[in-house]
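In the two complexes below, subunit A is the common chain; its partner is subunit B in one and subunit C in the other.
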Partner chain A sequence: MTQTTLTASKMPAPRSSFKNWIGVVPFFLFAILFIFLPSARLFIGSFTDNDGRFTFANLIELFTQPYILNSYLLSIRISAVTALGGGIFGFLLAYSVTVGGLPKPLRSALITFSGVASNFAGVPLAFAFVATLGRTGFVTAILKNVFGVDMYQAGFNLYSFLGLSLTYMYFQFPLMVLIMAPALDGLKREWREAAENLGANSMQYWLRIAMPVLLPSILGSMILLFGNAFGAYATAYALTGGRLPIITIQIGAQVRGDVLHNPGLGNAMAIGMVFIMAISLAGYSWLQAKTERWLK
Partner chain B sequence: MTHLSLTNVSKHFGDFTAVRDFNLDVKKGEFVSFLGPSGCGKTTTLRMIAGFETPSTGSIAIESVDITNKAPNQRNVGMVFQAYALFPNMTVAQNIGFGLRVRKEKESDIKDRVAEMLAIINLEKKADSYPYQLSGGQMQRVALARALAIRPEVLLLDEPLSALDAKIRVALRAEIRAIQQKLGITAIYVTHDQEEALSLSDRIVVMREGEMDQVGTPFEIYNFPTTVFVANFVGTLNTANAEVVDPAKGLINMDGVQFASATDLKDRKKGDKVRVAIRPERFNFVSQEKKANIVDCTIENITFLGSIVRIQVKIGNTKFYMDTFNNPFLELPRIGAKDQVTCSREAVLVLND
Partner chain C sequence: MNATTRVRKFPFWSLVWFILGVLYFALPLYATLDFSLRMERDVIGFKAYELAFADDEFLKTFGYSMLLAIATIIVSIIIIVPTAYWIRLRLPEARRIVEFITLLPFVIPAIILVFGLIRVYSSPVNIPFTEISLLQPLTNFKVGTNILIVAGYMVLGLPYMYRSVDTGMRTVDVRTLTEAAQSLGANWYTIIVRIILPNVRTALLSGALLTFAIVVGEVVLASFLGVPTFGPYLFLLGQHRAYEPAALTFTTFLLTWAAMGIIQLVTGGQGQTTGAH
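Right after this comes the complex of A and B.
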């Protein structure tokens, strides 16, 4: 009798019928039309001058024009500040309603608010801040007329770096809450009890166990917050009208063509943004690999 | 001498009483199990010893030092959790050394102690592995080593084997007992598994609805349960209603069938209704052995359980189980056949409520 062995090469391959691909067609279409094609257009455009000829001039300008470098720097600063501020504030809020043991209805209310606020940006957000913290905003007026505190005389200006940062924080911290609440829920009660049982105090537990466990989530959230602020355009434009020349406003000026018109340079600046985000993500991946080495 | 002492300990959660008037003295090196169904208060009692719950009333002392209000991190009590609770961001060695590290012991001492613990649990080769790289049994051994590394006064084990499969459970419980005896550490073990409690413990505390039902050695708990609950919870048991016929002679009547019991019935009088219990393995067929009680029966059912054969017999109108060792060379009785069974006076237990 002959014994037949079914080897891997002889085993029937899983059938990949054409029908199985139909479900993902819309996604690929979307990705091609709105991610890959625009990215390719951006890349090619950054090597093209106004006459359609190949050039390195746009890329060279990124490194030689002080106003472009300053815009990148400003965008990076504002993104880093709001990522850090929103991150810390959001983390503390998420902590309070999860591990902190505040009443459950408060948690539901905060999560619902965060879901809405994290998507509240652009012209409506700018208008909301002008109406509240602008020179004639009602919070400004209440502080001045009721409490005798004139914020603007004290140096505050909504249309400054601080004002824009404050406005960005409105959608930054809720995003952090949304991401961190489930991560904090994932901290097992037994870890804390085991640590205490072994003699650790609260600080030792947080420094040696909880924070290392949460670090990948915190880092990932911060990068997301950084990207969220780095790519923002409408909020800053509607609030400051271009007085704070962050990089997205500079790109808008080159592409829109009211005063300046060099789409190639705009494309190159956008490529610069992609590059900066790529560096951030690479940094995140590196940190994640270091902090998550204990995960599967 | 008493090492761990719980005196009049109660715990209330609002209107609910989880533990009521719990009194227990545990000797140094003793292995005591809290046995009972879910919600009987055994884990709450353990958590009060650990300091994770504060007793509503009563006191807990180790070596006569009152620890009732001490924080968990000041009690020097080691605990092994049901779900291991290993720190996922630390290797096996780091987990074991954690307690020593937070106590700021010398690094060389920590290294030596970790090596010693790894040798005890036989996981030297896994020192640098992370918890996710271990099996359930290995994780629980690491958790045990971590709890023991701090040289605790008392070791608490909260259903440590319930998440493991049957074979590993049996192997690991023997390992836990061997380590406990080797180190001479006082241990409190919470379980709902009677076999675990019987095989591991020096003494068992059977708990029901927050109260201690019976405290005794495994031998006492199994062979001489004092309440219906203990009798039913520990091992398989036949129970039936009966009536006292002659208290002085220990005679009782079950459905017209008279049994003699060794239980002291002096406090009962003729005609008292009582609950009677007989372990299945205490019955024998008359042809094998003759004891004080010889009664007629009918074979109702036969179930093969591997090493034993469980036979259901009808005595009077009551059905009883009897267990006999599986002997492939002996013929089993036929279902429906009439026979006689026997059991000793000591086998017939008259229970309290």
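Right after this comes the complex of A and C.
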């Protein structure tokens, strides 16, 4: 009897796999209209010259026009510096609240704060840093009045490479904390005990066991931070007003008005960015997959 | 010997890193707060906040941002929940491609997205291969730009919303729930609205709050599409005012904190982060 009720209440078998796809049509329609179509337009545009003919000239110009190449390099440099700096500092912070021996409440406080800070970007972040490290900023004033150090006299400038990097760090290292804390939790206590039973000291444990396990995760996260900084526009624009010509600022100028007098070249700049972002995301997911062999 | 063991027990370096981290977090916020309270000479007061909140432009633009955030959240839920549900129930073979699409916004920064949207939708929408136009360019009229900006915000929030909803559905057994509802005679609309939605409400709330955090201060899409929201207003205010922008900056921070705090609370620390700047 139970047998029959069971079969009766079973779901009707999927009618046909084609019909089932109708259920996801709205999603695909949305993706086509607002993700694929815009990307495809930029992609095709980057292979089109001013008369609408096919050309590679735009892509070649990315590498031959010095100011475009320099914008890419500047963006890459600032992203690499903040990914490395934010990555190392974020790792140390994540370490301190996980295996570093700090009390539990500090950990949840840090995680919550990291969630906030990694979402705190753009115009408000730029203003906050002007109030902190600007010419009349809070820290600038303290250093000058209390310690007698005039940062701006010493050559510091918030609206420079260093200043923008310090600002980016505000959303970079919290992101690292959020990714690394679970990874550090994945380090098994047994590994440490086994190493110590075999006579390893703390340094040997970290260098020979913990680091090799964590390394893919650390590198992957840093690549993610790289992409995070590489795509940033609003923070840099609000802080420097476009004086620091990173690639997003250049593209922004191209969108506002065709400053290059060559729409195709503007498209190519955008596609070049997407290409770099895609590589970094692929690198991240590859390294993440490697991490999962040991952690989780 | 005793000294070295004690040094090893006490997490000295952990504490150093932690304090440095707290300083990095707190100093810019404290500096902003401090500055925003000093509008009147020699007095600590909320003058800047009073002036900022009383500004008609602020109320208008902030209200507009709120409205866009709500529209984005509602349309996202309408599109994403049935999709995630359908994939779990009937179409597991679509999982990989849909997950791939939800990751694309990580590869396409906001500035590129708005570039592409403007390129595509600043020309009239034609019937393919003809010159017969169905719709004038979306960028040319108000409803059109509003559609574009909501769609753009949906794209920016897509990875978080989708993952949030998908994780939520993993924890409830959608198949059993569906079978139970069907055996009681429920139709698809009833199943999704009365059974599935309430069961993933925590996930929806955290996805919605993340979307809210993205939209409320967003400036790239808004300024390039010419939509008068809070982000561009704050930017312009910063060009010719000093104290009011600081007050609004601190307010924005509190709002972000409220959104993240609620997520932490409802998900028990399983919340995610954005990272789209």
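One rule holds in what follows: the second predicted complex is superposed on the first by the 228 of 296 C-alpha atoms of A that agree within 3 Å, B and C clash if a C-alpha of one lies under 4 Å from a C-alpha of the other, contacts with A are read in each partner's own complex, and residues count from 1 in each chain.
Definition applied: a residue touches a chain if its C-beta (ideal position, glycine included) is under 8 Å from a C-beta of that chain, and two chains touch if they have at least 3 such contacts.
What you see is a predicted model, and the numbers here were worked out from it, not measured in a lab.
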Looking at the combined model built on subunit A, do subunit B and subunit C fit side by side or clash? fit
In this superposition, which partner touches a larger number of subunit A residues, subunit B or subunit C? C
According to the stated criteria, A:152 is in contact with first (subunit B), second (subunit C), both, or neither; which is it? neither
Where does A:209 make contact in the superposed view: on subunit B (first), on subunit C (second), on both, or on neither? first
Classify the contacts of A:95 with the two partner chains as first (subunit B alone), second (subunit C alone), both, or neither. second
Let me test your reading of the model: by the given contact rule, A:161 touches which partner, first (subunit B), second (subunit C), both or neither? neither
Counting only touches as set out at the top, which of subunit B and subunit C does A:197 meet: first, second, both, neither? first
In the overlaid three-chain picture, which partner chain does A:188 touch, first (subunit B) or second (subunit C), both, or neither? first
Nearest approach of subunit B to subunit C by C-alpha atoms in the superposition, in Å, rounded to an integer. 10
Which positions of subunit C touch subunit A when the two form their complex? 8, 11, 13-15, 17-18, 20-21, 24-25, 27-32, 34-35, 79-80, 82-83, 86-87, 90-91, 93-94, 98, 101, 103-120, 151-152, 154-155, 175, 178-179, 182-183, 210, 213-214, 217-220, 224, 231, 234-235, 238, 245-246, 248-249, 252-253, 256-257, 259-261, 263-264, 269, 271-277
Using the touch rule from the top, collect the residues of subunit B that touch subunit A in their complex. 50-52, 71-74, 76-79, 81, 83-91, 98-99, 102-103, 130-132, 143, 146-147, 150
Complex interface listing, subunit A residues touching subunit B: 188, 190-191, 193-201, 204, 208-209, 212-213, 293-296
Quick check on the complex: what are the subunit A residues that touch subunit C? 9-11, 14, 17, 20-21, 23-24, 26-27, 30-31, 33-35, 37-39, 41-42, 45, 89, 92-93, 95-97, 100-102, 106, 108, 110-125, 127-129, 131-132, 137-139, 169-171, 173-175, 177-178, 202, 224, 227-228, 230-235, 238, 248, 251-252, 254-256, 266-267, 270, 273-274, 277-278, 281
